[in-house]
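Multiple structures follow.
Look at the two complexes coming up: chain A is in both, with chain B in one and chain C in the other.
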Partner chain A sequence: MSKTDVSRRGLLKTGAIAGAGVAMPTIFTAQSAHAFTNEPTGGTVTLGFNVPQTGPYADEGADELRAYQLAVEHLNGGGDGGMMNTFSSKALQGNGILGKKVEYVTGDTQTKSDAARASAKSMIEKDGAVMITGGSSSGVAVAVQALCQEAGVIFMAGLTHSNDTTGKDKRANGFRHFFNSYMSGAALAPVLANAYGTDRKAYHLTADYNWGYTTEEAVRSSTEAMGWETVAAVKTPLTQTDFSSYIAPVLQSGADTLVLNHYGGNMVNSLTNAVQFGLRDKLVNGKDFQIVVPLYSRLMAKGAGANVKGIFGSTNWHWSLQDEGSKAFVKSFGTKYGFPPSQAAHTCYVQTLLYADAVERAGSFAPCAVVEALEDYEFDGLGNGKTLYRGDDHQCFKDVLVVKGKENPTSEFDLLEIVEVTPVAQVTYAPDHPQFSGGALGTCNNGA
Partner chain B sequence: MDAIILQILNGLDKGSAYALIALGLTLIFGTLGVVNFAHGALFMIGAFCAVTLSRILTLSHTIIDETKTDFLGNPLKVDVPYVHDIFGVAAGNVIIDWAVPLAILFAIPVMIAVGVIMERGLIKHFYKRPHADQILVTFGLAIVLQEVIKYFYGANPIPTPAPEAFKGSFDFGAAVGFDPNLIIYPYWRIIYFFFATLIIGGVFAFLQFTTFGMVVRAGMADRETVGLLGINIDKRFTIMFGIAAAVAGLAGVMYTPINSPNYHMGMDFLVLSFVVVVVGGMGSLPGAVLAGFLLGVLESFASMREVIDIIPGINQIIIYLVAIIILLTRPRGLMGRKGVMED
Partner chain C sequence: MFKLEKTDQTLLIVVGILTLFAPFILNPFPEGSAMAQFNAGYPDLMQRFVIFGIFAIGFNILFGLTGYLSFGHAAFLGVGSYAAVWMFKLLSMNVIPAIILSVVVAGLFSLLIGFISLRRSGIYFSILTLAFAQMMFALAYSVLTPITGGETGLQLALDDPRIFGASQTPEGNIPVPGLFGLEMRDSFDLVMGSWVFTFNIGYYFCAMVMIASFYLAIRIFRSPFGLMLRAVKSNQQRMNYTGLNTRPYTLAAFVISGMYAGLAGGLMASMDPLAGAERMQWTASGEVVLMTILGGAGTLIGPVLGAGFIKYFENIFSKINSTILHEWFAFLPDGLEDFIVAILYPFIGKGWHLTLGILFMMVVIFLPGGLVEGGQRIRSWLQKRKSEKNTPNGSTEPAE
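The block that comes next holds the complex of A and B.
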């Protein structure tokens, strides 16, 4: 006969352990039962849209969110289908993703790396997001991309232009559709040489952070290869609002061209200040003084107003493109919201479709299956012509637009005109190009 | 030499903005003893007075231009400002073009009203509270105000240009015998400097030569005694708060052509302006003005490439470095006097 001793203390201990087990956060128990992080098990799948909803890029974030909502509507079979009708892949049927209705949660990056990581983490751990996308800054993109790699979810970058996102900071779980600093330099330099000649003295003002450095390096090397001389490159604090003390000495340096490696509020203010100082009215070295803005955004051009007229820059996409994909997207977006989409909206919309399509083709939401489906994937019909998602670095290779501030805009959205569609071959570089050196993709992570 | 003259000019106009904001801050601190962290927001609201007037002047009705199409291929909707209907196209365009100078008239009553409402509605309840409480409540108010502005006007900067007549720059170099293009300076920044000088002179004259100003100065020196003489000093101080708000607001209005206003511009100036007040001497109006111009000029010099090459990063820390040095050598600031604003 066996005797079982059940003491009061023992009972309490057992109860406490059992209680803790029951109360354990579902993410741990769920992970143990699933093949990968946040595997969708019901009739829905959740995507996480991490965009700046507050802070200086809130307007750009709002446009990104509009695009995401439109993409979700189209994926679920609503609206006119937008670019799904022109996309070369026909895997998407308008019945969600793999038959699961697409739902979404949003986070606020505040355009701060720590805030963006916190909101992405919350969407992964609390809301069960299987993919994170969005952002309006390279700092944020790099930080969130690293987080997604650790967590075992896919990151589809929003607006991020620094070489490092798919250079030294690339990750296997991260993908960038947007173009980069190198591509801007490679596309701009021949147009600049053609418009302004090969004998120019350039003065660079560069925002003192990662994106500024890579953009300056890209534009310098491309323009110097064309024969331009760089007379000075000055770093400006990211928090600078009045650039007069940086712009005033430009003419004294003997430079006849000013390159503003600035984005957002920095770009609006430095360009406004440069025009105020009358630089563009001056004749230096027997040539008209010129200003160049390597990365343009329509929303920023709006902030700078008439100051952008005639100034060259580059952009990832523009609503005035006449290919079928762009027209379909502009019609869809314009009908829903009443104005044309920005390039940030375009890249976010496209990234969502590309992710959904990759899942459909892979037949799985598992990150490693999605990575395999996206790597070296060629597609068309999404507004940039034939495009390759290169497997070596997860960077999209496609045509780049060189644009110019429009002299006679017909509306508040009609600020830039396309000067040249630079063919993809001209902006393609080797995966081990020095401007992208360091770092490694590593291996994909399914999490769980 | 030309580079030095150029940076002095730069510093003077930057210093003008610092001095105007710091002057208002000092007026409020000197009269009411309140550390007003919402003062930058008043500068921002002033700038948005110019944006608002510009929008009022461009209020439009829509006509359809059948000959053109919009981005969706529909007939183009063209906005026609009402001022064109009322004054004709040419005169209407001139009125719209002069929106910023006209906004001065618009901003004065608006800013005085904002200042008085702010003081009566919120800040007066914090007079007897510690400075930490005042800082928290005014900082919170600043955030609320900027979020309200962002809600209505968005986060993007809004271009608000100067009248066409003031665009371009003046070639100082050519005027004083240097080579052309060596020392150029935008007309509007020159106007900003003289405008700031006028406002600062006006505030000093008001305090120095009017009975009202005399009472206020007496109140700043000894509030209790002035109260015992039967003078309602609180009412006068409320008016001074309104005047300080108007000074900050006018600084904001005139700043809009220099940098396109956005909801965050007040915060960009706030911390620097506090440093200016501390360096100038707490409660000292001439000190605030002197420190404003001094720090503006030093900041400009620190931004020179030649200086940055010698001391990298100096452009980002110069103001704080100078503030530390001045406070170590003159703890009451440049023009702070013993016993003034000290417990």
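The block that comes next holds the complex of A and C.
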């Protein structure tokens, strides 16, 4: 049973402890002593590379990590300098960033927003990272971007294609170099019209999550603007591996084109199913049945094998591009790892250089200074031609590649061929475009 | 004190001291040293330790006492998080209403799911809870996207109403969760030589809640109600034959443990205002089962230890990469260095699951009672050694 007695000695003890407790805060150094979160004070600066190392996008994550390591090597003056030689800005000297040697920490996002945030938080709180980058899905990108805004560090998005990242979920501390669903739709539509005519009936199969929705919307509105008709749009669960039951109704619907708004393993499976069902040999409405995959990646093309031959899609970058920047990057990546980089690797490498360059030009690691340096910044020589980092939504505007599965691949990396480089003017949209409406950039946050 | 027996009181005090001094205990290595990689004393991970501790304590009330193995407990955690974030969006950034609502909502959901699932026992019960949790995950991930934010998760926005608070701070940012002006993410650094200890307000808030939940769990374990739950575990049929209806007891245990999960979810959202659907996936439900078994099901402290163990691996081991390994073994000759790194590499970084799996197997095989049994064995071994010294014939009385 409880017993309360107050002794003189006990009271003294308690008093002493309480007194010490009150005196404690004076020996604390509050974090506000720094001008901004994780201000690098020594001779090094730490960047956080937060990529999926396990889970469905582990392949992309591994390639992203290779690109980051290459970028760090180049920033510190190692290797052949890669795209630093072709980059239009010459602020980077190969002596780190602002003379500080670049170090990095890595983490595993597991392609889950929770795990990604935990990993990013540990980079910020424990390792003192001043910039976080990476991710290969939009959910993760959006979640980590919001976290970086709160914490007051810069987020340079990796592979994220959903409109929301720079649409309704945009943040002042976040930047995206990769293209988005709207751009895919706008770039693909004219090419599709040329190849397949303007009176097609399209049937959409859409992965049932945010990226799927925005991609379906983008492709739908661009193709309908050209005269296509959308017969039906069916949502498929993300975890679906066998799409036969979704493919069968396509033929009965009277559609003559199938649009697969799927990514990664989903796309590999749905495309394989569709081809196995013989869709591509069918004749509907007097036209050859066609399949379209809005977002392509080399890793997906590899997974789907021969099934991708002749199928149209869009991509951010491809290693077979012949401009100086791309050639330099492919060369240094190939020398180091023995195979050409993927588009995920490219965007991550470029994002790291862009961040480093912005810090050099701003002369400070403070997030607000970096944001100012990146906003409305125009550059060239990083593989996509002339590019603009638009200040209104922190999205890069550049040419988009429309690609097609190659008929006669010469190697396991040579799976896609570039059909058309859609000029940037054709994929530019107003910042308040309905597909990007809602949400606000807010103001940049330097943290404590 | 606290109406507890002496051993329980000691346990509660030990847990209290451990959690309060966690910033010191978890940061044993000086900043900048090679071992600093293993420091776990940063706010986010400390918060996770205690939050998942609460989750596991709650799970243990159901699994440890009644033996009903729920495979869908993460659903309540997720529901709690969503409730808390909605509270932040609509009402204010104070964590108290958010946490209260998350406990209430999780309680309601567990009442419904428990009412249906508890009609069966054993494996059928597990499957039913698993099915419900997966249903809720699928709903949150896609069907209910307007309410849950879908894949992207539910986040705060600059234009949320927040009736009793500001939609945005004067600087134009989203306000952060706080407790009457104390911001959850505020922390103080205590620098002592080359050691840096971080004291975080959010962590201490969670720690207080965890100590309170731990105390409540002890009271439940020692109460007649707890005894009844143990009776359900040992022989439910006999209970039924004596004319006793056990279902109200099991349902109560289920709801209590669901509310604990909701509390954990609410705290998670309070520390980091985002609720994602992955929190409800079956892997998350499996994780809490692992935590409980790893620590020792049916014991008081076990689940908390298990939660700490798993979260430590997830956050610390997954961040060791090959560069760090090379740094560690840089003193070795080149060939040997590469060889050792090549052997260790599969077990760190992306291979942390592998290490955790091996450890889990070893615990289950060699210490079926979990980490707690390991502790008990060490203690009895020490006592035996001591008593052997005192009484050479080796005959000992059982401890306590």
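Convention: the second predicted complex is superposed on the first by the 418 of 448 C-alpha atoms of A that agree within 3 Å, B and C clash if a C-alpha of one lies under 4 Å from a C-alpha of the other, contacts with A are read in each partner's own complex, and residues count from 1 in each chain.
To be clear about the criterion, contacts are C-beta pairs under 8 Å (C-beta built on N, C-alpha and C of every residue); 3 or more make two chains touch, one makes a residue touch a chain.
Fair warning: this is a prediction, and the values are worked out from it, not measured in the lab.
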Partners on chain A (chain B, chain C) - clash or fit: fit
Partner chain(s) touched by A:Gly391 [first = chain B, second = chain C, both, neither]: neither
Contacts of A:Pro237 with chain B and chain C, given as first, second, both or neither: both
Partner chain in contact with A:Gly303 - chain B first, chain C second, else both or neither: first
Partner chain(s) touched by A:Gly94 [first = chain B, second = chain C, both, neither]: neither
Contacts of A:Val268 with chain B and chain C, given as first, second, both or neither: first
First, second, both or neither for A:Ala58, with chain B first and chain C second: both
Included angle at chain A between vectors to chain C and chain B, based on C-alpha centres and rounded to the nearest 10 degrees: 60
Which of chain B and chain C A:Gln276 touches, first, second, both or neither: first
Per-pair minimum CA distance [chain C against chain B, superposed on A] in Å: 6
Set of chain A residues, in rising order, touched by both chain B and chain C: 58, 235, 237
For the chain A and chain B complex, residues of the former touching the latter: 55-59, 232, 234-235, 237, 239, 241-242, 244-246, 248-249, 251-253, 265, 268-269, 272-273, 276-278, 281-282, 284, 299-300, 302-307, 319-320, 330-331, 334-335, 339-340, 410-411, 413-414
Complex contacts: residues of chain B adjacent to chain A: 2-3, 6-7, 9-11, 13-14, 68, 70-72, 76, 150, 154-159, 161, 167-169, 181-182, 184-186, 188-189, 257-260, 262, 264-265, 268, 299-300, 303-305, 308, 315-316
Of chain A, residues touching chain C in the complex: 1-3, 25, 27-31, 53-54, 58, 105-108, 112-115, 117-119, 121-122, 125-126, 137-139, 142-143, 146-147, 149-151, 162, 164, 169, 208-211, 213, 235, 237-238, 439-440, 442-443, 445
Residues of chain C that touch chain A when the two form their complex: 1-3, 39, 42-45, 48, 138, 141-142, 145, 150-153, 155-159, 168, 171-174, 176, 185, 187-191, 198-199, 272, 274, 276, 278-279, 314-315, 318-319, 321, 349-350, 352-353
